[in-house]
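Each chain gets a letter, A, B, C and D, in the order it is written, and its residues are counted from 1.
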Amino acid sequence: MMKRIIGGVVATLGIALAASALADEKWFPSKWGPDDEIGAANYLSPDKVLAASKLVRTGKTYALGVTVNRLTPAFPPRRCDIYIVQPNQVGSATGLGPTSTTYNDDILNCWIGIGSQIDGLGHIGVGDTYYNGNKWADIAPITGLKKFGIHNVPPIVTRGVVLDIAGYRGVAMLTEGEAINQAEIEGAAAKQGIEIREGDVVLLHTGWMSILDSDPQRFGKAEPGLGMGGAKYLVSKGVVAVGADTWGVEAVPFEKGEGIFGVHQELLARNGTYILENMNTMELVADKAWEFLFVLGQPRYEGAVQAMINPVAIR
Amino acid sequence: MMKRIIGGVVATLGIALAASALADEKWFPSKWGPDDEIGAANYLSPDKVLAASKLVRTGKTYALGVTVNRLTPAFPPRRCDIYIVQPNQVGSATGLGPTSTTYNDDILNCWIGIGSQIDGLGHIGVGDTYYNGNKWADIAPITGLKKFGIHNVPPIVTRGVVLDIAGYRGVAMLTEGEAINQAEIEGAAAKQGIEIREGDVVLLHTGWMSILDSDPQRFGKAEPGLGMGGAKYLVSKGVVAVGADTWGVEAVPFEKGEGIFGVHQELLARNGTYILENMNTMELVADKAWEFLFVLGQPRYEGAVQAMINPVAIR
Amino acid sequence: MMKRIIGGVVATLGIALAASALADEKWFPSKWGPDDEIGAANYLSPDKVLAASKLVRTGKTYALGVTVNRLTPAFPPRRCDIYIVQPNQVGSATGLGPTSTTYNDDILNCWIGIGSQIDGLGHIGVGDTYYNGNKWADIAPITGLKKFGIHNVPPIVTRGVVLDIAGYRGVAMLTEGEAINQAEIEGAAAKQGIEIREGDVVLLHTGWMSILDSDPQRFGKAEPGLGMGGAKYLVSKGVVAVGADTWGVEAVPFEKGEGIFGVHQELLARNGTYILENMNTMELVADKAWEFLFVLGQPRYEGAVQAMINPVAIR
Amino acid sequence: MMKRIIGGVVATLGIALAASALADEKWFPSKWGPDDEIGAANYLSPDKVLAASKLVRTGKTYALGVTVNRLTPAFPPRRCDIYIVQPNQVGSATGLGPTSTTYNDDILNCWIGIGSQIDGLGHIGVGDTYYNGNKWADIAPITGLKKFGIHNVPPIVTRGVVLDIAGYRGVAMLTEGEAINQAEIEGAAAKQGIEIREGDVVLLHTGWMSILDSDPQRFGKAEPGLGMGGAKYLVSKGVVAVGADTWGVEAVPFEKGEGIFGVHQELLARNGTYILENMNTMELVADKAWEFLFVLGQPRYEGAVQAMINPVAIR
């Protein structure tokens, strides 16, 4: 028996070494203190809102959220069903009361992580450790996150910028696994004549969404996206959130050596930077609307990890 | 047998007469033509967006949506459950891949019509007739509305105004069934020194939300709210949407003679005016933030009747 | 205006005539009185149970229910998802308490009408009229049937017989739309040397289930099955329920002139005879187990229309 | 750093020791071999079916399952909603086709573990180890158990016995935490003049269900039930399943020193013995129907942990 125990300890030690290497990084407490729960949303400020409001020059608005239905490709086994119901109104249109009121209602049986969504800081961890050093087991009961519930994220109202990475590369669409790193980000920004500032929401246009309807299987299986270097660079700039016109924002297949959804870990867990998936950047790019007032008020399910969203760009 | 048929016809005739009286109102085609599907959202325009953006003077933002959970009172039998899940990660925190990626995800089993929500134009009908004369049976399959799906509503970005009806009445909170009509709307606006303009979103502050947490049963059973006269007045002003800090916006118990949810019928079906329920107006009123930039990008479930929302007021 | 009303009346009259023709059939009150809610389950009796128990001669049991999963073909838009969850047990296997209790649980987001199922008497109506003359609007609130809820059906324990219609026809499998009527039923019974008695559950073996896994699309799109003549014949025999190895028991495409799911109407609404869908009759037929003790205890969701079942044949 | 690692190892060792103590029990491989997946269902046999069928003497049947609805008390956060829907039939009762077919359908948003249920062998583990030594992580993906899915349990048709523990104790109802152990089981069996045999399903009547409707809160918070000694005794007898008229079968609060749901661990994980919860034993006891033919065909959701059931006792 002893042998079995010792073997177990040794095996466990291997794991402990790996885990401790990760722990050595000292990525918590967060720069906003050990009690912080909103991460990069701390960069938001009335001054930045005011400044961003000056970017509105034409009054054109852009819905950055895509339409979601049963067929929207999503990370398995995510699914989304909606049912339109007419409670207690069978067989007649005479409806309720003297004015014949009839009505439709709707029920969602739906994973939140489908279509356009914001990933909250409780979505991804490094082992059992989540943003700001919180332990997984402490925050994730089945009835709702105890910390980082999406309902606690304040409205994200700030300057938004879109980087036309596809345009910078001179292609209509990047391909699977193509990573966007510092050079591409700086290059695209320079070409567009914009700079990235603290408090910004940065959206990457890869062109990938152009195949969402025409080839949903390819769309959902892999994607171009942010690389680890790009993620660290954007974090260093103090952005509030990073979005893209892809389902997962980061390059898939993942960059060599960067783990599984390592960019998610870098952004969410280590730095409290929000991720915005499936952002429709097509019209912004077509209009060369490189900077704009970005407004996101996400639905506030208590303790939700994510939210289905439709941010608005205003210009 | 013949007698029974004739009886049936006569009974049917009674219904036909009632229905025809309603039909006589000639409330369709809509003022935006027989093919219109977005109603008062047609009032939105870049000019109004641009003008509203000038209302941003301090950069303060307001989340108008409330937090929703299992206990949020709602029209029966509406319910909302969220489940936080860790797909395929049982029994260990070593996670996926060399960087130990772990994650939480979430599933909603939820009626949309709970908490802060926008009622789309397909929510309420007059018998079998919906906005712009559309027939109920033509638009409401169980898998999603064929017309008036909430995904088709453009971002609502415009001037918002809040009317402090409670303040105008000199009370902290209006009471059940208390109807807000033209006199109160004009009176409150005058007292606050603001006017209601075409394209506005108008929010009524009744104080009712102050009991949402402390007495959810009372909150959900009845409410003060818009009366028929007030609804017609706001429609005449050309507002895009009417909201309130109550679950149903209109006075419940209903005004005498106005039917069951007659104000809903007036706003949604007859005039294509959107309804915004459970809007948290408390901080706006505390700040006397009477007018502001209103921004709503609702999640875009295809064919949904309603959407859970969290509009943002910016000032 | 008057013209429109009159037109409406005439149109309504047309409907009324059609409806009255149906009404003329005098199919209610039921033979078990105007208050009956269980229909052919009234044929069940202790005597028949006792007699059927004598059919047990080898002690072999047969699960007549099929396995259901996400891919099981079903009438659109029916879907079925199951989620295995580990509530509040993230990141560790140390579990609860000193004995390290861990557990899995499961959540169903599922239409009941998938896979092996019993159709209750509230499933299908003739216009607004359901079994025993009940009005649709009186029995079908969204939260559960007021009458004919599946929870009220007593255990169906009685003699079961399987008719090998495919064998009688000399084929491995009947084809789409092929109707089984009195001649086939009598012929198969005679060939097998069995008779159909009052209180029996009769299962039709068409062979159709042999393609359930190999060609689910074909399986779900159409089917051989009971014709109207066969349905009336079985009703005349006083059977409690009719089942088959198909998703809908009746022939699809429907027999000419028999309407849409007319056999369902005949069995459920007009005669209170239960329908058992997707019954796995393969092994019974392979064993020539023509008669047996049939036992069905269906899950008792209050007010459910149907139930997912797995009846047991014992021989 | 090294110190932290070593500390981790030591801490881990503590856990390993605890786990190894449990592991030392050598409760696997199972008595039916290392590949067995059905546990005590191996006791079932045609001979026992045949013998049990002889217990049918009056032909009376008993539905052992209770009715389940929204209010049925259950282990938090389990909930169960059913929705009755009329797909695509709004506003009229003319229905489909020339015979005016109308229909109701039903959708379940429901935890399976509510009301009368069978716990499969994948429900409860000892740390990361489940029945027959299977590792938790290997068997429990979110889309369905890989082993011990309830769909694989054969029909449980065998001799059933009910032990009137309340009667043996001379009370109408046992109280919270009252444990039923070998003495009570033997005593009740002796008083009733029956013996417990290999292959039996044993149901314990505590009277607890008499308060299910009148005091659901008390019913669901605690319960009398099987103690560890009783569990071991029944296992030694070779029973297939143990049920009771309580929500969890075992005594709650748990017996001192027996852990959290330790009886569940003993029955399911260590011995492959099924658990039947919320069995309605009232009428059996009233009839002194001490032994009977027990028949359970559970719905076969692929990979489900549990199933909602309604076993039938026949006598």
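Keep in mind that, in the parts below, a contact is a pair of C-beta atoms (placed from the backbone, for glycine too) under 8 Å apart; a residue touches a chain by one contact, two chains touch by 3 or more.
Being a predicted model, the structure only gives us computed values, none of them experimental.
Annotation of chain B and chain C: jointly contacted by A, D, touch as defined at the top. Averaged Cα coordinates give chain A a centre that lies 46 Å from the centre of chain C. Work out the mean CA point of chain A and of chain D, and you get 42 Å between them. Between chain C and chain D the centroid-to-centroid distance comes to 27 Å (mean Cα coordinates, whole Å). Residues of chain A in contact with two or more other chains: 19, 77, 83, 85-87, 90-93, 102, 104, 107, 109, 127-128, 136, 140-143.
Judged by the touch criterion defined above, the protein chains are all mutually in contact, each touching every other. Of all residues in chain A, those touching chain B in their complex are 15, 18-19, 22, 45-51, 53, 56-70, 77-78, 80, 82-87, 93-113, 115-116, 122-128, 136, 140-145, 151, 154-155, 157, 258-262, 264-265, 293, 295-312, 314.
Chain B meets chain D in the complex at residues 77, 79, 81, 85, 87-88, 90-92, 109, 127-128, 135-137, 140-142. Those residues of chain C whose C-beta lies close enough to touch chain B in the complex are 1, 4-5, 8-9, 12-13, 16-17, 19-20, 23-24, 77, 83, 85-86, 89-93, 102, 104, 107, 109, 142-143.
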